[in-house]
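After this come two complexes, each holding subunit A, first together with subunit B and then together with subunit C.
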Partner chain A sequence: MILPLTKDDLKVIGYSMSKIVYLVGVLLFLPIIVAVFYGEFDVIPFFLVGIAISFICGSLLYHFLKTKKEMELKHALVMAALIWLVAPLLASIPIWLANATTSYLDASFEGISGFTGTGLTLVTDIDHLSRSINFLRHFLQFLGDGIGIIVVSLSILGTTEMSSVLAFKGEAKDVGIRPSIVRTSRIIIGIAVTFLVIGTVLFTAAGVYAGLDPGTAVFDGLNHSMTGYATGGFSVRSQSLLYYHNVWIEVAAIVIMVIGALNFNLHYAVLGGKRKEILKNMEVRVLLLFLVVFGVFVSANLLQLNLYSSGEALFRKSVFHVISAQTTTGFQTVPASSLMFVWPVLSILMLSISMLIGGCANSTSGGIKLLRVGVLFKSLVKDIKRALLPKSAVVKGSFHHIDDVPLTDTVAKGAAVIALSYLILFSVGAMITVAHGYSLEDSMFETSSALSNVGLSTGITSPTMPATLKVTYMFLMWAGKLEIIAIFVLIGFIILALRKGIRK
Partner chain B sequence: MGLREFSLRAFLKKNFDFIAGIFSEVGLTLIVMGVTLAICVLLAYTSQ
Partner chain C sequence: MKKIFLLIAIFLLLTPGIVRTESGRALLENAAGFDNKTVTFRGEVIGVIPRGDFAWVNLLDNEGYAIGVWCSAENAENVLFIGDYKHEGDTVEVIGTFHMACAEHGGDLDIHADNFTIVERGHEVDRSVNLPLAALSIALAAVAIFIAFYLWRIRKEREKILPWPSY
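This part shows the complex of A and B:
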């Protein structure tokens, strides 16, 4: 029996939320340092307003909803769903005040796209955006998707063991690296910072080689490293990586995108000495398989139409976009208009499927996830074997993911539920986009990009697109990030409150 | 530990697994790029 909601339920959620809201306020101080460094004093008040509003909201939640009651699973899931709405709404205030977007709705879109690690953008003139606002956009991706805002809060604020474990489930990062969840959070941050530094060095070196001045190379490198590792895809340039026309910057991007799409547990195992795991892991094998298969098909398709004739051009255009799509990053090396008007339908559809599948589970990437796809495929093979063998035969299955994991019906069912939910949302999103007058293939591409938190665009996402479509994509980005289940629990919470009221 | 007492050898020995792990992951990305680039070159060559 489902129990009616009580005031204590709301207090537990509100009180826990207050700490995250405070944290958003504190983290908004970081772009101020960037603003001071570059002498952009005119934008500092915009950050201060965002900080003030965050602190006021946090204080109200803290003082009016203070409680000692322990968090349960339902609270953690609802809280996770709300954090990914509230944090972007607060962090987008400076973006809106700085006139980087035409409205607060667009700024909120940017905030959600940032926090969820999507990378679709509604900023009107990225090339002339102040550096501190640009840094904020990229920092949001690193914070929201590269590390995870809840992970940050756990490592800084600390909390009870149980509530932390539940909060991880809500963030769709069911990572069990170490018994202590606070220690796990710090390990995740350590891994993220390590690859952030490596990515920054690679991008900066490539940028200097490409002819950028060292200051610009470091700034662009840091920002692209943050969004590359977070598989977010925001860029400091309106043309994304196409702006540089440099193969080494693209190579640096591929390195950091693929690393960002790997499982945290795998990072921990490999960096801890289990190096052979990287080639034994089922998820990595599935990733390599999809990259090669999609790479071959998209390249062959583009070659057939004589769009790119050399091996290097094919690699830099088709394979780069396959990797960008599969890792759910969203860096582009061809203009959005080319994807919409020049690239063939088959390539667009293959990239859409690639985006829907996404990267590894427990990583910064989105989508259905390679682990689930691998599990579903193995489960299918198991069922076929079961049908062919005699009734008395016992069919067992397993897959290698850090350890050998038995393939049970429960594991397969869990994967199927999430995959089905994604496909339903994808269908609904694509239909809504088609209803706005766009072609089916472009609608499927843009919808899978939003739902799987990718950021590749055919140009549908722009400040001039209808507000209803903006809200639809905001919902898809939010639902995709939380792997849908937390959204259903939140909706259930609201329905319960409306039908049965809130009891004391 | 001061800079004078810093020993690169000791540092590498202490952090060998971590550094080798990073090289393994970067190596994986190089394998991905190598394989896909080879396929692209082959495709372009066979189509001419």
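This part shows the complex of A and C:
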């Protein structure tokens, strides 16, 4: 029997949120440093307003909802679902005040797209955006998707109670590197910062080689490294990576996108000396398989139409976009309108499937995740074997993911539930987009991009798109990031409160 | 003489690539139609990337569509202002060949400029601090600190009277 909600349930959720709301305020100080460095003093008040509102909200939540009641799984999931809405809404205040978007709705879209690592943008003029606001957009992706806001809070606040473990799961980061959750979260940050530095060096070197001045190369490199590792896809340029017209910047992006799409556990194992794990891991094998299959098919399709005839062009356009889609990053080297008006439907559909599948579980990627797809495929093979063998035969299955994991029906069911939820949301999102007058293939592409937190766009996402579609995509980005279950629990929580009320 | 002017006018009107400046949107949305044709494109310079004797100049039109232009280094050197937060970039008009997927440049969508004209000089943009807004933000920050401190004091007072229950 499901017990009715009590005021204490709300207090537990609100109190745990208060600390993260404070943290958002503290983290907004970082773009102020960037603003001072680049002499953008006129932007600083916008950040101060964001910081002040975050602190006021945090103080009110902390004061009125303070409780010592221990968090349960339902609280953790609802808290994770809510904080992934509240944090972007607060962080988007400076974006809105700086007139980077035409409305607060658009700024909120930008905030959610940033935090969830999606990369779809409604900023009206990226090329004239202040560097500090641009840094904020990229930093949100690194913080939200590259690391995870709850991971950051655990690492800084050092909370060790059970609630932390639960909140961690609510954020869809079920990483079990070390027994201590604080230690694990600090390792995740360590891995992220290490790859951020490597990515910045790669992008900067490629940028200088491409002809950028060193200052621009460092700034662009840092930001693209943040969003590349976070598989977020925001860019400091409206043309995304096409701006640079350089293959080495695209190679740097491919390296950092693939790194970001790999599992944290795998990073830890490889960095800890288990180098062979990268060859044995099922997820890595599935990733390579999909990259090869989609890469070959999309290239063949584009070659057939004689759109890109040279090997270099096929690599820089076809292979690059397959990697960008599969890793759920969203960097582009063709204009959005080329995807809508020039690329063939088959390529667009293949990229849509690639985006829906996404990268590795417990990585910065979105989508259904390669681990689940691998598990579902293996369990299908297991079921076929079971049907072919005599009744008395025992069919066992396993897969290698850091350790050898037995393939049980429970594991397969868990993967199937998430995959089915994604497909339902994808269908609903695509239908809503079609209802707004867009073609089916473009609607499928844009919906899978939003739901899987990718950011590739055919141009549907723009400041002029209908508000209802903006809200739909905001919901899809949010639900996709939290792997849907937390959203269902939140909806259940609300229905329970409405039906049975909230007791003392 | 009149007839010559009339003929020139008709010729110019019938040659859209020469006379009519194409918008970025038209070029991008109908890229196949313009492929390998001579076009005229006008936009603000948002980036200059030198490449030996040549350079990439990225132009942003007034609708927010950007296209890369491949031109001589000499042309690019004439650009004084590049558009960013603090600058309005030079406005340039190029006449050149449009490529939907340039074979020379790894499939990039670009324009190879035959003619590169700076039609308007850019300038610095005034980004002075909005003082009333700055004062308001500082006041709001002060209110935030006051609320945090005030609520902290109330909580401390209450805890003295009624300690937190342990569950």
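FYI, the second predicted complex is superposed on the first by the 503 of 504 C-alpha atoms of A that agree within 3 Å, B and C clash if a C-alpha of one lies under 4 Å from a C-alpha of the other, contacts with A are read in each partner's own complex, and residues count from 1 in each chain.
The rule we apply is simple: a contact is a pair of C-beta atoms (placed from the backbone, for glycine too) under 8 Å apart; a residue touches a chain by one contact, two chains touch by 3 or more.
From a predicted model like this one, the values you see are computed outputs, not experimental measurements.
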Can you tell me whether subunit B or subunit C touches more residues on subunit A? C
Taking the superposition as given, does A:K69 touch the first partner, subunit B, the second, subunit C, both, or neither? second
Subunit B versus subunit C as contact partner of A:P406, first or second or both or neither: neither
Looking at A:V258 after the superposition, I want to know if it touches subunit B, subunit C, both of them or none. Which is it: first, second, both, neither? first
Which partner does A:Y243 contact after superposing on A: first (subunit B), second (subunit C), both, neither? second
Have a look at where A:P390 lands relative to subunit B and subunit C in the superposition and call it first, second, both or neither. neither
Quick one: classify A:G437 as touching subunit B (first), subunit C (second), both or neither. neither
Classify the contacts of A:S310 with the two partner chains as first (subunit B alone), second (subunit C alone), both, or neither. both
Overlap of subunit C and subunit B interfaces on subunit A (superposed complexes): 309-310, 312, 314-315
Counting only contacts in the complex, subunit B reaches subunit A at residues 17-18, 20-22, 24-26, 28-33, 35-37, 39-45, 47-48
In the complex, go through subunit A and note every residue touching subunit C. 40-42, 44-46, 48-49, 51-53, 55-56, 58-60, 62-63, 66, 68-70, 124-125, 127-131, 210-212, 237-239, 242-247, 307-310, 312-317, 333-335, 337-338, 340-342
In the complex, the residues of subunit C that touch subunit A are 25, 28-32, 46-47, 49-51, 55-56, 58, 60, 64-66, 68, 83-85, 100-101, 103, 105-110, 127-130, 133-134, 136-138, 140-141, 143-145, 147-148, 151-152, 154-155, 164-167
Under the touch definition given earlier, write down the residues of subunit A that touch subunit B in their complex. 194, 198, 251, 254-255, 258-259, 262, 267, 270-273, 275, 278-279, 284, 288, 291-292, 295-296, 299-300, 303, 309-312, 314-315, 318-319, 322-323
